[in-house]
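Pasting the structures in now, so scroll down.
In the two complexes below, chain A is the common chain; its partner is chain B in one and chain C in the other.
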Partner chain A sequence: MDKKLRGPVIINRIYQNSYVRYLLFGLVLGMLPAFLSVTGMNSSYIVNIGGVVIYSIVALGLNLLLGYSGLISLGTAGFMGLGSYIAGYVTATLELPFAACILLVILIPTLIGVLVGLVSLRISGLYLAIATLCVSEILRKTFEEFDMFTGGFSGLKAKYPVIFGIGLSREQTYVFLVVILVLVMMLTHNLVSGQMGRALHAMRGSEVAAQAMGVNILKYRLIAFALATAYAALGGALYIHFIKYSYPAVWTLSMSLNILAVVVVGGLRSIYGTVLGALVVFAVPDLILKRIPVIGSINGISYIFNGILIILIIMLYPQGLAKLVNDIKALVVRLLRKGDVKRD
Partner chain B sequence: MSTLLQLLLRSLETGGIYALAALGIIIIYRTSNITHFAQGSMGMFNTFVVTVLFATFGLPLWLATLGGMLSAIISGFLIDFAIIRRTQKVSPVAKQIITLGLIMIFTGVAPMLFGVDPLRLPKFFEAGSVEFFGASISYNGIFNIILGVALMLLLFYILQKTKIGLAIRTTASNESTARLMGVPTRKVTMFSWALAAMLGCLAGVMIAPVTSVTINLMDSVQVNALIACVLGGFQTFYGPILGAYLIGIGKNILVYYVSSVWGEQLLYLIILLFIVFRPQGLVGRKIVKKV
Partner chain C sequence: MTDTKDTNSSGEVLRVENLSIQFGGLKAVDDLSFHVNDKEIFGLIGPNGAGKTTAFNCITQFYRPNRGKVIFHTKTGAEIDLVGQPVHKVIKLGLVRTFQNVELIRELSLIDNVLIGGHIDFKASIFEQALKLPRARREEKEMREKAEQVLSFLGIVDRKDLPAGGQPYGVLKKVEMARTLMCEPKLIILDEPAAGLNDSETEELAASIRTIRDKYQCAILLVEHDMRLVMNICDRICAISFGKFIACGMPEEIQENKQVQEAYLGVEEE
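On to the complex of A and B.
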């Protein structure tokens, strides 16, 4: 009896390990190009899902800010754009290696993010949201006018990344994106399960109480903002190397709102939920709605359905899709148990 | 001197457009506790209605505008009836995402009904201008300025002196207490959504002749109106309007006298610094945080 059980117990224990889960998740996601070529499906799905991966990275940053620290930002698009332009300029114009671009991309926007974090000490809530919108608009106008670096309205182009002298193809770039996503998910998991996560939780609950317990508000707000901007900028850098262009009209208020929607629809403080939210907000229109016969060919209908979908999710599941998944899990477990009881 | 006057007059025109949109946002914020990101999209949609009534059905412009008002009222009622009154328990952040869903719906419906080609909407007064201490301003400009100011005076009269205005102010100050006192808060919210949609439509009709009518018509109006609300403070109805006119004036003056490239960024930077040092806005009271 004991020997028979040991195998499944070990497997179970390995499966319970969150890192293994993230790796498995990444493995499944990374298999997509192979899956598409085997089944002979349209390989352009890779572009959609790759976009979802990029937006998930950005949204994980915003989830750290909004979900864990309770600070709201509408500056995401600006920072993402900044990351993409720096990355594009460094690799396409200066022709420096990709690793250098990632370093610069994380460094420069993070400094600006820290400055915004200082602003957040004075204002909060809606005021903070629109103050960050101000920052985002300043950046977007700069992208339009500073055409020496950004190419102005016509935008900046870049190629697929070259890593250690190996030029990647579209499929390989996609796998690279998935690898980065898994690393970011693990990093986020570690950050929020440790001391910092507890400090952020306390801060969100009550600033005064957190301060009384010895949480340094200044330090953790700056860290939260720095991380959110770093994630956004990283996402931007990956964006320009995967979608291959970046122009100012992409980095508007509606992009920031979309990222915010990913976090809220997916569920605050849920890592997998964020990816699920990104799938709903960014991929459902292109992957599913546009492929439905007759309806899909009508102009703009996928937007309408997606808008209705988002509104419905928020009306019926205000805690986000993560809650829905948990509910379904609980339901399945209950049904299975019922089955067991009947068999006895 | 005449250039400055010219700039000021033009600023009053753009500032008026921002002010109309901002007033819609603030009314929704105060009565429904929602940051109304879809104000611009709704205005865009109803401006499309005006344009199509004018261009395709050949109605005179004033009648087409009235038609747009009607569609604005209907869309406002519908949104409140179908969505807003069913979301009492949703958190404020999630409510903002509902307006994002609205943006998606309106940007999807507009090309479906009205096509993807940009349309043109003429001015109320096509030609003619008047000299004014060396500054010239078109009849249409004067009309827009006067219409904006008159509308705002009318709205403030309604808000301060009439029964429905009292109901709106009561709901704005405390929704649940207002309901206990017998104020029909549901009707008030419904009325405010229709009002906000009408203000957005008017702003759209005013700005449309300057550009062409596309789904991006109101993007910059939306952003500037939101910033105007923060600059003026969310606690009063007149603060955002003050903020909107200041943004209009500041933008024109900085772009003309300082730098045509960096003027707007500079303005936003100044506003940002202002908010940092005075978080409650121009005319707001300081909010005291309670432990």
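On to the complex of A and C.
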């Protein structure tokens, strides 16, 4: 009896480890294109799913800001664009290695993010949203005008990343993106479950109480903004090396709003929820809706879909899809237990 | 500063001198002076709008007083004037407070809420936390154990993993108290701890305030409406009205004081 139990107990214990679960999640996500190709789906889907991975990383950053710290930003697209241009410039124009580009991409936008954080001390709520939107628009205008760095309206091109001298193919780049996502999920998990995460929670709950507990509001607002911009810029750098181009028209308000939709739909303060949200917001319109005969031909169907989705989620399930999944899981467990009791 | 040095020998923890703050034309606190001894339960009372909470906010530096000193004897034995200190630094000196309408984070578990009180004792940097390096791991473990001890001391350790949202008010009050104990304070300031509690909960609260003082060897300053609680547990009481000092002394003295009675019940005319 004991021996029989030991196996499942060990497996269960390993499964309980959150890092193992992130790795498993990454494994499944990494295998997804291979799986889809077996089912006979077009291999170009990989671009959509890779996009979902990139937007997940960016949205995790916004979730730190909006979900944990309670600060809003509509500047995500600007910082993502900034990251993409820096990355593209460093690898394509300067021909420096990919690792150098990642370093610079995290460093420069993070410094700008800190500046925005400083501004945020004076304003909050709707006004902070407007201020960050302005920063984003200024950045976008800069992308258009500084054409010697950015290529102006026609944009900047880049190749798939070269890591340790090995040029990756599209499929390998996708796997690379998944690896980065899993690492980011783990780091985020560590950050939010420790002292910093609690400080952000305290700040969202009540600034007065947080200060009374010794939380330096200035410091943690800056950290929250720095992290959110670092994630966005990293996402941008991965974007230009996966989609292979970056031009100003991509980095508009609608991109920021889509990322915001990911966080709201997926679930505030949920790491898996954020990825789920990215999947729903970015993949469902392109992969499913556009294939449906009449609906698919409507112009801007993805906007309509996302708009309706946000309204439905906020009205019916304000905690997002993450909560919905948990509720379904709990329901299934309850039904199974009921079945057991009846059998007895 | 010389006079404060002599009094140090008598075991003072907090000394408020000529504290004044004005909002527009209103003198919310007017030339208030009192002191709290070490390991003492001290009550600050007064009718509605007497300026108790304002005085309290001046001590914890949420408001900057216009005039006066707030001399605090820190954990390390130094004497510091709190006026002008950043709000988030006050707790590091050993002075911690609770809030009138419990300020907890609903989404976090009780133990995580308590751990926020240990915020200042974490030394690991953000990078160490992100990578869960040994120091961050060890600190988290130690603090979690400490938080469990505090929760079991207050008798609510069995609820530690439940979210704060949805817990009864009495439990939340205790969690807030537990949060203040995480930093091993020299002085805890309780802002109307009995507000919103029923009679039996208030009695329980009185008992736990006393045991906290005995176990953690700290002074407690409470700002309170509930006269029974104040008279029951305080070693000394200071009464104020319209921001002005009226009397300070043992509970019986305060009860018999004419001016205090007038301030609460009004002056008999004729």
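Observations, loosely collected:
In the analysis below, the second predicted complex is superposed on the first by the 323 of 344 C-alpha atoms of A that agree within 3 Å, B and C clash if a C-alpha of one lies under 4 Å from a C-alpha of the other, contacts with A are read in each partner's own complex, and residues count from 1 in each chain.
The rule is short, and it goes like this: contacts are C-beta pairs under 8 Å (C-beta built on N, C-alpha and C of every residue); 3 or more make two chains touch, one makes a residue touch a chain.
These numbers come from a predicted model, not from an experiment.
In the superposed model, A:I106 lies in contact with neither chain B nor chain C. In the superposed model, A:V208 makes contact with both chain B and chain C. Of the two partner chains placed by superposition, only chain C is touched by A:R269; chain B is not.
Once the two complexes are laid over each other on the shared chain, residue contacts for A:I223 go to chain C alone; chain B is not touched. Number of chain A residues touched is higher for B, counting chain B against chain C.
Residue contacts after overlaying the shared chain place A:L191 against chain C, while chain B stays out of touching range. Shared-chain residue A:A87: touches no atom of chain B or chain C. In the superposed model, A:A131 makes contact with chain B only, not with chain C. When both complexes are overlaid on chain A, the residue A:A199 reaches chain C alone and has no touch with chain B.
The contact surfaces that chain B and chain C form on chain A in the two complexes overlap at residues 206, 208-209.
Within the complex, the chain A residues that touch chain C are 187, 190-191, 194-196, 198-199, 201-202, 204-206, 208-217, 223, 269. Contact residues on chain C toward chain A in their complex (touch as defined above): 60, 62, 86-92, 96-97, 99, 103-108, 112, 115-117, 119-120, 122, 124, 126, 129-132, 136, 139-140, 179, 183. Across the complex, chain A is touched by residues 29, 35, 37, 83, 86-87, 89-91, 93-98, 100-105, 107-112, 116, 219, 222-223, 226-227, 229-230, 234, 261-262, 264-265, 268-269, 271-272, 275-277, 279, 281, 291 of chain B.
Looking at the complex, you find that chain A touches chain B at residues 66, 72, 119, 122-123, 126-127, 129-131, 133-135, 137-138, 141-142, 145, 206, 208-209, 252-254, 257-258, 260-261, 264-265, 298-311, 314-315, 318.
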